[in-house]
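Once you scroll down, you'll see the structures, which are given as C-alpha cells.
Common to both upcoming complexes is chain A, partnered first by chain B, then by chain C.
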Partner chain A sequence: MNSLESEIEPETGTETETAAEPLLKATDLQKYFETETGLTERILGNQQYVKAVDGVDLSIDRQETVGVVGESGCGKTTLGRTLSKLYEPTGGTIEFDGEDITDLSSKELRELRSRIQVIFQDPLSSLNPRKTVGEILGKPLEIHDIATGEAKRERVAELLEEVGLQPSHASRYPHEFSGGQRQRIGIARAISIEPDLIIADEPVSALDVSVQAQIINMMKRLQRKYDLSYVFIAHDLSVVKHISDRVMVMYLGNIVEQGPKDAIFNNPQHPYTRALLSSIPTIDETPEKRRTALQGTPPSPIDPPSGCPFSTRCPEYIGPECSDEHPELETVADKPGSIDAPEDVPTILEEYESPESHHAACHWLERSGDERWSHEAPAIGERGE
Partner chain B sequence: MGILANVFARFVDTDKARVFGIRTDMLERLGLVLGRDRKAQLGVAIVGIVGFMAAFAPILAPHDPMGQDFPVLLEPQFVGAGALGTDSYGRDMLSRLIYGARISLLVGIGAVAVGAIIGMVIGLVAGFFGGLVDDVLMRMIDIFWAFPYLLVAIMLVAIFGQGLWNVIIALGFAYIDDFARIIRGEVLALREEEFTLAARSIGLTSREIMVGEIFPNTIAPLLVMYTVLVARAMIAEATLSFLGLGVRPSTPTWGSLLGQGRGFVTEAWWIGILPGLMIVITVFGINLFGDALRDAFDVRRSEGG
Partner chain C sequence: MSNPMLEIENLHVEFETEDESVQAVDGISFEIHPGEVYGIVGESGSGKSVTALSIMALLDSNANVTADRVRFDGTDLLSKTDSEMRSIRGGEISMIFQDPMNSLNPVITVGEQIAEVVRHHGDVNESTNLVQEMRRKYVTGTSADSASWRRAVELLETVGIPDPETRAQEYPHQLSGGMRQRVMIAQALAGDPSLILADEPTTALDVSIEAQILNQLLDLRDEFGVSVLLITHDLGVVRETCDRVAVMYAGELMEKAAVEELFEDPQHPYTRGLMQSIPRLTDDREMLDVIEGSVPNLAAKPPGCPFQDRCAWAFEACTQPLEEHEVDPGHDVACHLHREDIPEELGEWNSPTAVRTDGGDDR
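And then the complex of A and B:
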C-alpha cells in the first residue's frame, strides 16, 4: 500500500500543478451495508455488515479510462456508486480534483454532480418510464442552470444527434426505443452537463454484441471530444481490454491486481486474475493449455476470510500465510515471483516486463517463480482454518 | 405549498403526450381494452349513465325530489310523469333515485379522495425514506387497519355528527390505510430502480425525486385502487344511511331510500327494491370499469420491454 501511495501522491498539490494530480483519488475506501436485522438483534448489538467495498485505494488521471473487472457480487458496482457519491462511504476518503469530497453539504454535492456522472447498467430501468426523452435530457440542464426554454430544446436536440439519435426522438418515451438506443439516451444524459468523470457501470452488459461495439466506440469518441475520464466497470474482459488504459481486478471488495492494460493481460500475477483471463473463451483452443477453473463460489462478504480474500478458492494456495495474512498491493516489477512462466500457463506472455505501476496483492510475489510453477495447492477442504 | 404546486403542474402538463399525468399511450391501451372487452364496455356504460344522472339531475328529474304530495302516498305509479311510484310522503321515487345518484357518487368519490390524498402522502414518505420513518408510519397504519372501517366511520360520525361532509371525511379516513399500503409498496419497488439513482446523480434532491420522479409512476395503480374503493365507499355510505348515521334523512341517497323502504316492503316493494338495485348495478359497473383500468394500466402485465 505504501508503494502505491508514494506513486500516486506528489503531495505538493498547488493550483499550478493540478495537471500532475489525479482527477479522482480514493484512499482506503470502504462501503459496508447493514444486513436486514430484527429489532432485538439491533438492540443486542448483533448488527452484521456486508463489506461490499473493503479498503480500496485507487486514482484516476485526467482523460484516462480505468477498467474495473470482477465477477458478480465482488463490489464493483458499489465501488462505482461510492466513487460517484451516490452511496455514502463507510470509511476512507475520496478526493476529486484535489478537494476532499468525502463529506459534502447538499449544495456542494449538487455542484459535484455536474462534474461526476454515471451511466447505468440497465438502460430501461435507468430511464423514468413516465418521462419523455426530452424531459429526461432537459432536467440536468435545468438543475445546473445550463439552459432553459428554447435553448434547452436546442441543446437536447444536439445531445441526441451527438449520440446518434434523431432530435425528433425527444418527444418519445423510453419504452419506445431498443436497448442500444436507450443506452445512448443514458449516455446523452451523462454528457449533457459536460462532466469531467463518467462512471460507467457495466454500460454494455445488457446489450447484444454488435450494439456493444457501437456503444464502446461512441464512448471513445465522446471521451476525446469532451476530455472525459472513465471508470469502466465490466465483467467482460474483452470489452475492458478494448477501452481501458488501466485495469483493476476486484475480488470480494478488494483490489487484488491493478496496472496498465498490457501488464494485466500479458503478465497477470494474481491467481484470480489468471483464472479470469483463462476463462475468456478462445476459438483456437489447444487442449494442452492449462485452464484454471475456479471451484466453489465467492465467500460471503458478511464474513470474509481473515487472510487473503481469495484464499478459500485459490488454485495456487501456499499455506497458512494465505489464510492468516492479508496481502497488500505491491509493485510487481523485480519481484521474484514475476519471472517467466512455463509455456503451458495460459495468458502469460513470456517476454513481457511489468512497469512500476503494475501492482498485485499476493503472497507469491515474495517467492521464486520456479517454486510457484511446481507448487501443488492443498485441496480446498484441507486448508488452514 | 411547493409540493402542491409541483403536483398541480404535473396535472396540467401541456405536453401533448400526457393527459392528467397519464401517458397517452396508456389511454390508447385503455381504448384498446374497451374496444374488445364486453365487460369493460358494460362497466363504462353503467358508470357513464349514473354519472350522467348525477350531473344532470335537476334536468332529468320530472319532479322535485323533496316535494310531498299527500294524495298519492305509496302509489306504485305516480300520476304524473314519474313511472316508479311514490314513497310514504308522496315524493316521486324516480326523482329521488336520480338525485340519490348525486349524493351517492359524491360521497363515494369524495370519501376516497380524502383517503387517497392522506394515504398517498403517508405511503410516499414511508416508502421513500424507509427505516424508522417507515416503521413509525406503517405501524400507525397497522393500528388503523386493525379497526373495521365501518366501525371507524360510525365512530367518527358519532363524534362529529351527521351531515354530508362529515360522512365523506369519516368514510375517507377508513381508506387511508389502503392507499398508504399500495403506494408504499410501489415506492419501495421504484426506489430500487436505477432511474431513482440517475435522478440523484444529476443532482435532484430527495423531495424532487419523490414528487417529480417517483410519484408519476404511482398514478396508474392509484387510479385502479381509486375506482375499486369508490364502489366500496358507496356501499359504506348506503350502510351508514341505512343505519340512520348518514346524511340528513330527508336528503335522498340510495342508502337512506333503502332504509326507509324497509318498513313498507309488503305494501310498496319499489321503495326498498329500486334503490337497492341501483346500488348493485352501479357498484357492479364501477368494478367492471376498475378491472378495465387495471388491464390497461398494469405495467407489470403489459410492459415487458
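And then the complex of A and C:
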C-alpha cells in the first residue's frame, strides 16, 4: 500500500510545488461502527461492525479540489467526517500539514478546527435556529481569537457580502432565509476563520439547479481568494466533474478508482465507475430512452464480499478471483486490460491516455484488453460467494 | 388525434392564509394523451406538485381550486363529489409520491397495502367493509389464497421485486429505498389506472436505482398503455423519459414542447437559463452561467411575466399579462419576446450567440 502514496502525490502542483507535502494525507483509514448487539452476543465476541470506511488511502494538495462520488451508503460522508475528525478513526492515520492528527487532545483538536472546516448538506439543521446570523458567524471569530467587539461586527458584515448577502442580514434568524441563502451562511461560517481545508458534504444537493450554479460558482471564487482546498462529497457526477481537480469513486467503504478528473471521465476503468457514468441522465444528446441500469443494490457493509466489493453486481465479473481476491488500487497506465477498448464501449474516449496518477482497483487491469472487451459475465445468481 | 386522457384548462390554485393569499398555480393549461409520458419540470415552489394534488382533489380546504376545465377521459373532475373522487383516486388515476417511507403505512405489510387497493379498485369479489378490512389489516392478515393477495404478489413481481411472495409479507422499513419506490408503483398499478401522476418518483434515489425505476415506468407505459404525468426538477430525467414537457415557473407554464424540441431549441429565456446553469459531463466551462436573483414571492407576484426581474431581456411589455405564442406546431412559449413589436435592440435575443449574463457568480 505504501508504495502507492508516492505515486499519488505529485499531481496538480506546479513545478515548484511538486516536492511540497500534501495538505492532508490519510493512510489505510478505517471507520467502523458497532451494530446494536445483545449482551450475550457481545460476551460471545460476536459484535458486528458496519465497515463504513474500510482502508482508504488518500492525499489532498493545497488549493486542490478532490471530489468524492458514490451512491448513498458507500461511506463518503463518513470519510469526510473522519478526515475532519468529527469521527474518531477506527484504524489508520491522518496527517495534516505534516503533523499526525489521528490522536489529538481536545485542545489540539480545537486548534485543528480553525484549519479544517465543514459545510453540511442541510444548512437549516446545521445552523442554530435560536441564534441570529450575526451570532452564528461571530462565534467562531471569538473562539479562535480572531476578532471581538466592533472588529467582529465588521468582519461579519464583510463575510456576508463575500457570500452575496447583505450586512443587514446579520440580525436575522436562519428560518428567514431561503435554502440557497442558508447554504451561503453555512459557507460564510466555514470561511470565517480562513481555514486551509473545507470538507463540503453534498453542499448543493438540496438546492434547485439555478441556485446550485450560484453556489458552485461562489465556492470556486472563494477557493481562489482564500487559497482553499476542498474535499467535495457528492453523488452528482456532473457537479463533481465541474468543480474537482481530482476525483475518487467510492463503493462500499473502498476507493475503487481515483485520478485526475479527465482520466476518470475520459478513461474510466473500473466497471463501477463506468456503470455510474452511463446511468446519469443527460440533457446533452438524444438518449436512447433507456439508460443501462446497474442491477441490484449494494451489499451490506456489515458483511462485505471478501473479494472485490463490487463483485456481486459487476457487469464484467470474471470468475472466482473477483469473489475471493480483494483487488488493490494500481496505476492504470500501460496495464494490458486498460487499453484497446473498442469504439462501442461507451464512456471511454479512445485516444485518451491516462497519467500515472490514475488508479483503479480491478482484476481486469492485469488481463488482456481483447479478453476483457469480449467477455460476458455470468448472471448475478450464478456467481460463487 | 385521439381524445386527450387529461385536459387542464386555465387551472388556478390559491391558498388562503391568515393575512395573504398565495397563487400557487396561476392559470395553466395542458393536455396529456393516452400512452404519453408528459413532464412538468420546475424548481421547488413553482407549483408542480400542487398541480398534481389539485387534479387528485387532495389539497387541504384552505386551497381554492378553480379552472375552466379539468377533464379526465372525457369526464369533468371538478364537479365530482368526494365519494366519486375517492373511487377514481387509486383506481383510474393513481399517484406515486417522492418519499415512499412517508406514504406507505409503516405498521402494515406491503402486500397488505397493495391487496387493499386491489379489493377497492380491482375486479376481485372480496368484501371491503370496514370490519373486514380492519380484521385483515391488524388481526389475521389477508389470506394468501385470496385473489387480492395473489394479485398483490403478481404486481410486486411486475415491478421487478425479486422473491415477491416473501417480500409481500415484509414491512416498509425492511425494504431499501428503491424497493419501497417499486412497492409504491405496484400499489399505483393495483387499481389498473389509465393515468399515473408521479411526483418526483426518483428524486430520493441513487442514479443507478433511478435508472431502474424510470425504465420500469416506461415498460409499464409500453405494456399497459397508461399515461404518466411526471413531475420533476431534473431536466436529465425529463429528456430521457418524457414525450412532451412543460416548464413551470412561479405557478405558470413558461414553455411547452415535445421533448426533443425543447432541448434542441428552447425559446424561453428561463428555459435557456435553466439549461445553461446545469453542469454537464461534456462541458469545460470554468464558471456556470447563472440565473441571477431568486423566484418572486408568490403572494405578491409582479404583474405580467413572473420571470421579468431575473430575465436579461426584460423590456416594458413584460409587465403586461402573458400570452402564449405558438412558435412551432405544438411548441408554445409564454414570453413577450415572441411578439411582433419587440424593440429593435432586443431583436438579436434569439440568435445563438446572444449572451446577456455577466457569467459572474452570484450577485
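What we mean here is this: the second predicted complex is superposed on the first by the 360 of 385 C-alpha atoms of A that agree within 3 Å, B and C clash if a C-alpha of one lies under 4 Å from a C-alpha of the other, contacts with A are read in each partner's own complex, and residues count from 1 in each chain.
We adopt the following convention: a contact is a pair of C-beta atoms (placed from the backbone, for glycine too) under 8 Å apart; a residue touches a chain by one contact, two chains touch by 3 or more.
Every value quoted in this text rests on a predicted model; they were computed, and no experiment measured them.
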{"item": "Chain A: partner with more touched residues, chain B or chain C", "value": "C"}
{"item": "Chain B versus chain C as contact partner of A:58, first or second or both or neither", "value": "neither"}
{"item": "Touched partner set for A:72, first chain B, second chain C, both or neither", "value": "second"}
{"item": "First, second, both or neither for A:200, with chain B first and chain C second", "value": "neither"}
{"item": "Partner chain(s) touched by A:332 [first = chain B, second = chain C, both, neither]", "value": "neither"}
{"item": "First (chain B), second (chain C), both or neither touched by A:143", "value": "first"}
{"item": "Contacts of A:84 with chain B and chain C, given as first, second, both or neither", "value": "first"}
{"item": "Partner chain in contact with A:120 - chain B first, chain C second, else both or neither", "value": "first"}
{"item": "Chain B - residues contacting chain A, complex", "value": "15, 17, 23, 25, 193-195, 197-205, 213, 216-217, 219, 299, 303, 305"}
{"item": "List of chain A residues in touch with chain B within their complex", "value": "81, 84, 86, 106, 109-110, 113-114, 116-118, 120-122, 124-132, 135, 139-140, 143-144, 171, 173, 175, 186, 189, 193"}
{"item": "In the complex with chain A, residue positions of chain C that touch it", "value": "43-44, 176-179, 206-212, 214-215, 218, 233-241, 260, 263, 273-275, 277-283, 285-291, 294, 360-363"}
{"item": "Of chain A, residues touching chain C in the complex", "value": "71-72, 163-164, 178-180, 184, 208-218, 220-221, 235, 237-239, 241-243, 265, 275-277, 279-284, 286-287, 289-295, 297"}
